[in-house]
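One chain, chain A, links the two complexes that follow: it is found with chain B in the first and with chain C in the second.
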Partner chain A sequence: MRGMMGMKTLTHIRLPLNFFQNNLEIIKQHHTLVYYLTNTVDMININNLNFGYSKHKPLFKNMSMRLSNGHIYGLLGKNGAGKSTLLKNLAGLVYAQSGTLDVMGFNPAKRQPALLEQICFIPEEFYLPSVKIDAYLKANAPFYKKFDHDYFTDLIKEFDIPVEQKLINMSYGQKKKVIIAFGLATQAKLVIMDEPTNGLDIPSKAQFRKIMASAMTDERCIIISTHQVRDLDNLIDTVIMLDENDVALKASVEEITAKLTFKKVKEIDDSIIYAEASLSGYNAVMPNYHQEESKLDMELLFNAILAEKIKFKPLFS
Partner chain B sequence: MEFNNNKAIYLQIAEYVCEQILLGKWKTEDKIPSVREMAVELEVNPNTVMRTYELLQGKNILNNKRGIGFFLADNTIDQVKQYRKTCFIEDELPNLFRNLYLLEIDFDELKSRYQTFVSQNFNA
Partner chain C sequence: MNNTFNINRFGLLLKRQWLDFGKIYLISFGVLVGVLTLFYAINLTEDNLKYFSSNTLNFRYPLFLITGFLFVSIIASSYFIHLGQKPKAIINILIPASGIEKFLSAIFYTLIIAVPTYLLCFYLIDLTFVSSIRATHTLTSSYTDYQGKKVIIDNVAYFFSTKTVKEFYQFYYVPFLINAVFLLGSIFFQNFHYIKTAISLMAFVTLWMTSIIFIMNKLTNNTVWIGGPYWQDDNHVFFVMSLMGIFLTLAFWLISFIRLKEKEA
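Presenting the complex of A and B:
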């Protein structure tokens, strides 16, 4: 009992509120170290990011955002809003025109191995070579110091992947499951997935949700871009929506449902921000006047923000 | 587990937990499923399950033994009934009353139907 009390006091050290303001310079210099000591510094810090594939067509204009560990972020946006591009910026696959990107204390554009071994990136389009799984592992796993071979084997079994088949001859869904298994087995702290449920069959989607629920730890930051919100909406705890060259919304599910109510109504009145007709009336979004605890309807929120962006701005600024 | 669209997920999980307790599937002396185990089983974010467990801890239904896990509180059944009763009165009763009123069902009829239901389903 005494031992436990000791532990308790150790984990309850509180820093004065102004600690971070006073020590900002030092924190910047020792970003990574402080991150591990306090667990409160953001894992990803995007500051005034400007990016476009051509100079005349900017995709992001002065975009800023902070992401921290212990969350599954759902990245939403229309086709061409820049979801994949943002993910590629984070993984160091494309470079910012101006502004800064800080991922675990590194600039991803420099592509330092110490950062890359901490990033698991599952792209939507990928190529796998004409080899079997064991050869693929032999060639790629050594790049990740903490690669967990047993975990990889478990995942491959769970996903029912034929290990004797060459990767190139597998179906798209099977290939996808191989790279998801490989990515998670790297034990990377930053997990980035671009449309991970595309191509997965019905049982695989449920397995994927279970695997992600168990992969989410306090040390990890998981970002999933998706159009299939119904596949993933119970996994996502924070919604990031991109629109018109910027972040249109970044808020936790808890915060969104504290401010907004999602419910079926018979008739539309002035309190409703956005509504879609349904069989038995309307599915509506309205301010949460009566502290109702509704379930976030991510598709409805998505359409509501596209249609009524101005009305949402003051609620989440 | 199938979730409906009427209520926040963390509250639906709270109902599920209460159900397990009332049905005697989870016993007082046992450790209940960890946040992670529950999240995997229900295919939801562990933060959501954490929110449920914290809510139920606040209602004195669960106990958090630091470093060990969550357990059922000592008089958990009473607390569950108390909590579920409040939920029922707030969420379901108004709808029931509305139908009783609209369909002009009087209390005598309701009472006899209630008694039939109890004897058929619970052998009471």
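Presenting the complex of A and C:
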């Protein structure tokens, strides 16, 4: 029926009748892409995703989740929980066994150029060829229509990268900064970063946080996976925690601090859900009954969720 | 945006791939030039030229076939080598180009560029050495054909003008088939692409030939051929072999394309 209505409109503007039929897929994709880029909607829709590197060892079992633009998501999980794998699924680098994955209206497994130019993927381990930045840029930037050369130059300056040096001769941290600068300059709508702060020195981590905060726009969705939760302090607005083949927690920082309070206490009582011994007593997580303001301690939350999953579930269901 | 094929994007991809593949290609080409020159130089020493005969230049046939096989197979086997290493594979898979564009760029470099450059390289080296011999030597032989016509053979002929090479046309599909097999190997195997492909190829050819001989022996043992003379003609047999070669080439390319699309990182 929709198709028929579309065809009527087309005959009205005197396009050949078979125009829609021949280009239906392209038109649909273009329309969906425009829609996704101009509205705050679910940019990523994961439905009953099942994935495993071997059939007997599933990594995700019926995982479902929605991610929207205008957010910086922090993806946390133990080693082997599937953080990198989830990111790879989103970028179409690996294939799900079953379930559906929708990224800006595309199936990432099809690896269509229209989607690929909207994805900036910063892997944990990467390779850069033995050329200078200029040559790398000349070869790769033209694939991204919105590539911002000035922004790239600014980022390279800010990161203090020696532009005359060949990429292969740079340190791991410098290479990482180049690849981050390149990824952000592509103006991709979906930014996926796997352990981006690994290998960065202390000043660079602060620069990274500043750059990422300024790179955030309403059109963008940024997903950052990390073990070093302190590197993401004040940067992420939503926490996603993976555990036992599924999403253990997906909540905004606001929601978490509204429902939980993070405190230093001298003694443990029944109201405390989880506590860790510290020099001056205990770092504790407890329900926020009195709407107290506290700073989210991601490391504590992470350990708390893993240890007391059942207690937290009703709070964030 | 056309997600299947876009000529501008394809052009960009060719340019980009040169950054990765160019070095491997140029090194292989340099080695090829060195090997060919060396073989010509070793076989055409002053001593050998003193006793120049109709067999002196025969080393060129095995040289052409062996170096041709090695060059085409090494180039094809190197193209997708990066897909075996995750960091490189991720970058290459995420380049905004379609699967068909990525596959065609492989065909462009490993076949459309590699085979003509090999032929040109062999031609130029042969031209250089044979021209210098022709300046000082002439050697012809002759025979009378079945029509009573006298045929004169130039024994210092350029490689591509020899009668033997002109009969190679029945094997024109071979470089394509070698390309298809080794291209598939470079996608299929995670590491040691060349060795694994070569071993698989040898195993497959051995198995194929053994089974054909075994089956034909079983079928024709104690029998007499009563059919027409069609299969007694070499040209017909070579024609069928060419068809099979073309079919296998297309099949391997198709499998390579599918494997490339499905490659995970």
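Everything below uses one rule, namely that the second predicted complex is superposed on the first by the 279 of 317 C-alpha atoms of A that agree within 3 Å, B and C clash if a C-alpha of one lies under 4 Å from a C-alpha of the other, contacts with A are read in each partner's own complex, and residues count from 1 in each chain.
The criterion applied here is as follows: a residue touches a chain if its C-beta (ideal position, glycine included) is under 8 Å from a C-beta of that chain, and two chains touch if they have at least 3 such contacts.
Keep in mind the model is a prediction, meaning the values are calculated, not measured.
Annotation: superposed three-chain arrangement on chain A; chain B versus chain C shows no clash, the two fitting side by side. Once chain A of one complex is fitted onto chain A of the other, the partner contacts of A:113 are limited to chain C, with no touch recorded for chain B. By the touch criterion defined above, A:91 lies against chain C but remains apart from chain B after alignment on the C-alpha atoms of chain A.
When both complexes are overlaid on chain A, the residue A:71 reaches chain B alone and has no touch with chain C. Once the two complexes are overlaid on the shared chain, A:297 sits against chain B while remaining clear of chain C.
Of the two partner chains placed by the overlay, only chain C lies in contact with A:144; chain B stays clear of it.
Once you line the two complexes up on chain A, you'll see the smallest CA to CA distance from chain B to chain C is 28 Å.
Once both structures are placed on chain A, no chain A residue is touched by chain B and, in the other complex, by chain C.
Every residue of chain C that touches chain A in the complex is listed here, in rising order: 1-3, 6, 9, 12, 15-16, 19-20, 23, 82, 85-88, 90-91, 93-99, 261-262, 264-265. In the complex of the two chains, the chain A residues touching chain B come out as 4, 7-8, 70-72, 206, 209-210, 213-214, 216, 234-237, 253-254, 257, 262-263, 293-297.
The part of chain A that touches chain C in the complex is made up of residues 26, 29-30, 88, 91-95, 110-114, 116-117, 119, 121, 123, 125-127, 129-131, 135-136, 139-140, 142-144. By the touch criterion stated above, chain B contacts chain A in their complex at residues 3-9, 11-12, 36, 39-48, 51, 66-67.
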